[in-house]
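For reference, the structures are reproduced in the following blocks.
Next come two complexes built around chain A: one with chain B, the other with chain C.
Right after this comes the complex of A and B.
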């Protein structure tokens, strides 16, 4: 049951159907979907790159801000506030619509940011901050949710680091930045890699946020799949995009398990 | 003696075929593709009451959901047949029916499905639609205009799908700032010039995210290349590719025209993602003119989000194509007679006259427009320009254009690469 949908997607990308094969119906193998996908004049390949690009950007921002916020909490000896965890319990689509109302041309966030940029003379016309071609809206939505996940994932390993180590570093004259660089980061590097991989995979897999906050172009590949299935009924392209998605996620997953899991286990011991 | 004996047998057979057979159909048998044409409407009503239930799957906004639920309550009250409305998405419903067909499930859980052309086509071609000419059986269907009765977005329905209403897209404009007809583009011919003179004040919905976008583009294409090129023609992708890359108006092809338009639109290259997002830009005062559904405009005013003094609506010349959305009965509907009665109820004058008032759509039985109170017709979201301000005249004298589902899909698919992406 786990592999059946995946097998069906792979077969579907060649114009085959598992149900037709089982029932003995005739099927014709085609590479049309793949040829279309890799054709630069078609939107799919660029969509895949855009997906990876925005997902990487959202992951980097979430991981860096989440990490330093966790370090700050640990240094100060503070606990994670329950309020901070709200995005974790907010359905993605609700969070996306909430951000849409804030980033919409008359939304508060949009008005404030564009107001500041205009008063500084950096822009002449307001920048579209949602449904925009740069993915700004998607970044806001993704980072809002992923930041909290990053904080939750970094907080525990950082708390486990013995206070003696940071005290020793301080007594040797280390600044806060040096403590972070020489003590915290080396001791939590596998946690950083694991968190990065998990957030990247989750960002790439999500559809609600890019669907609501993304623009007409470029689009996330999963939005293209959604539209191919529900709007234009182009199942062949949807299957092929699904295969490329699976391959990309499988590579990322492999890297994650290959380089982190053993070490995470060892470190945990 | 022998003659008398034979006569007696003949009499018994005649009596049986004359009285017993219909009684059997109406009393015990279920409705099938074969017997449905032989029964009178009264017999179908009897069967419907015997079935006692009908389940209707629909889609739309919360306004439509509430209205359709209300219709079910009205039907239950009128006929004593329990009607249930299930609000969902046409895609899920059609996929379910197709799966049931492929799995050979002969008795399903849906009696009536609200669907537009493409989902109907999908279901019909997979054999998931009850293969009966509803237009011949449902009495109130006679009031539907012929083309709408047998075609949906130019797809031949063969009467297996009956429209119950017609959504329409018009040009929504800022009435407080622009005066009709002097300050607005009254025809598609004037649109580009108007947009150039009012940079940033026009937008349209991403055609892949909202019907106001793709209906507008279909209307624009029909004007750009001439309606005859599309009207009930067989779709051919190669021909479509050639046509849309050939010069139409202003020496430009369709995509060049849209890209020229885009240069002067609101935030060029940034298309609102959905009907709601599009009308929100209007409500925020960002744009002054946009193609928009009459129904959504009405609903936005009703909820207090859109100032009615801002609302002006008209149909640009030559016209805007309109989709008549309707219902079909699935192949495995458990209550087919009740479904027929329910569809007849949906097409009755008492329901049809409510449609403009409750959800801002036109009645499929166009004569019902006469029953709509003047107070409703005078609301600002109805088109103000003749003949579009009177559905009967519009129907009788036209131009009444339709969308071509396949060309519309072609436009939607190509638009991403040719306009949004560039």
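Right after this comes the complex of A and C.
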């Protein structure tokens, strides 16, 4: 069920079709799609860079804030409330819509942020915060969901760290920042890598948020794929973009599984 | 340090709680706002008008029916596939079963849109586009890895001795599964089933590519209201609540009574 669509995407990126091959019809291998993809005058490469840039930014914000919030919860000895995990069981399209209502020109968040920036004299006119060319809307929507995922993924390994270690560090005069830097971070490095990989992967692969909150240009690569297939029927370009997605996701997926397995092995020892 | 609440704690927790809940608050505002003037910060009149509106309209009513019938059917079909597979993979930890498990897990790392465009020609070729029943296997693709993980973990935790004892005492394989495994693994199977249910309920992009416009589920109907040029947030908010509230209730129920933590994607 998964193998065939993937084969179809890879073959399709070279202008081949499973159905034509099976029926014995003639097929011509072409690199036209790849040449178009890497052509700087075409939108695909810029779209890929925009996707990577916004996904990386959303991942960095989510991982850093999520990590420090988890450390804070562990230090305080508090557990995560189920209600705080609401973004995890909210469909992405609904999450994106909720942020749209907050970020459109009359939305609360947009009014507050633009109001502050104008009162500080930093802007003359309100900046668009949704369907904008900077990806601000996508960032808000992605971080809302990914922050909670990061907290959930960091909380368990942080909680497993023996309190004796942090108490020993503190009795030797370490500050909270030093305890985080010298005790928590080294002991959770695999968790940090795995969480970063899975969040980056999910941010890059998710369609709903960039589709609802993204601007008309630049667009996420997966939105380009969707539009190629549904509006311009440019399957060749969609397949080539799909291959680039597959390669990126395979690398990130490998990192995730490799480091989660390593963490499990280390913890089992 | 434990238990002390300082002013900084209130500020930090306040910021996080506001960040998480503000979108939900606004969703409720839009869903219940009967009159909301553009120049006002808050609605002038609250009521259930938009819920009545979405339930009265054929399209949204059908979206509701499609979503809440596809989800249990996907759940049953996924469990029918994953329980026997989970039994084999969980009880026989051979190299082959580990490879199979990892191959299925790899599916989690695949972007749904890529699977969608790969499936599209097959659906076109087989005449399955806009077909309600054909969406079940499409929804299963995303659900299987999560469900299988839950089920395999549940079966793997059962001590192998128990099955051997049952078999020595004369139980057949089916009896051993029914009397030994099922009572010890039902939580994992239930969790796997709920994952499949939730995945299907939230699935968006595959339904949009393979089912739209013939079969429109709730997420697709919501997208129709917010993704086009003419935005109509009130019905979208009412529809969103019809999908978010059951998900929250299911998650709270599982957390409280089954001790399962649920997180869902869905494109």
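By our rule, the second predicted complex is superposed on the first by the 254 of 269 C-alpha atoms of A that agree within 3 Å, B and C clash if a C-alpha of one lies under 4 Å from a C-alpha of the other, contacts with A are read in each partner's own complex, and residues count from 1 in each chain.
By definition in this document, a contact is a pair of C-beta atoms (placed from the backbone, for glycine too) under 8 Å apart; a residue touches a chain by one contact, two chains touch by 3 or more.
Just so it is clear, the structure is predicted and the values come from calculations on it, not from any experiment.
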Clash or fit, chain B versus chain C on superposed chain A: clash
Which of chain B and chain C A:50 touches, first, second, both or neither: neither
Which superposed partner A:184 touches (first chain B, second chain C, both, neither): neither
Which superposed partner A:67 touches (first chain B, second chain C, both, neither): neither
Chain B versus chain C as contact partner of A:86, first or second or both or neither: second
Partner chain in contact with A:19 - chain B first, chain C second, else both or neither: both
Which superposed partner A:231 touches (first chain B, second chain C, both, neither): first
Touching partner for A:37 - first (chain B), second (chain C), both, neither: neither
More chain A residues in contact [chain B versus chain C]: C
Touched partner set for A:214, first chain B, second chain C, both or neither: first
Which of chain B and chain C A:132 touches, first, second, both or neither: first
39-47, 93-101 or 111-119: stretch of chain B that collides with chain C: 93-101
Those residues of chain A which chain B touches in one complex and chain C touches in the other: 19, 100, 106, 212, 229-230
Residues of chain B that touch chain A when the two form their complex: 91, 102, 118, 122, 206, 208-209, 267, 269-273, 277, 280-281, 284-286, 409, 412-413, 416-417, 420-421
For the chain C and chain A complex, residues of the former touching the latter: 1-3, 9, 12, 16-17, 19-24, 26-27, 30, 38, 41, 102, 105-122, 125, 137, 140-141, 144, 198, 201-202, 204-205, 208-209, 219, 222-223, 226-227, 231, 233, 236-237, 240, 243-244, 247-248, 250-252, 255, 261-267
Contacting residues of chain A [partner chain C, same complex]: 1-2, 4-9, 12, 17-19, 69, 72, 75-77, 82, 84-102, 106-109, 144, 147-149, 152, 201-202, 204-208, 211-212, 222, 225-226, 229-230, 235, 238-239, 242, 245-246, 249-250, 252-253, 256-257
For the chain A and chain B complex, residues of the former touching the latter: 19, 41-43, 46, 100, 104-106, 128, 131-133, 212, 214-219, 227, 229-234
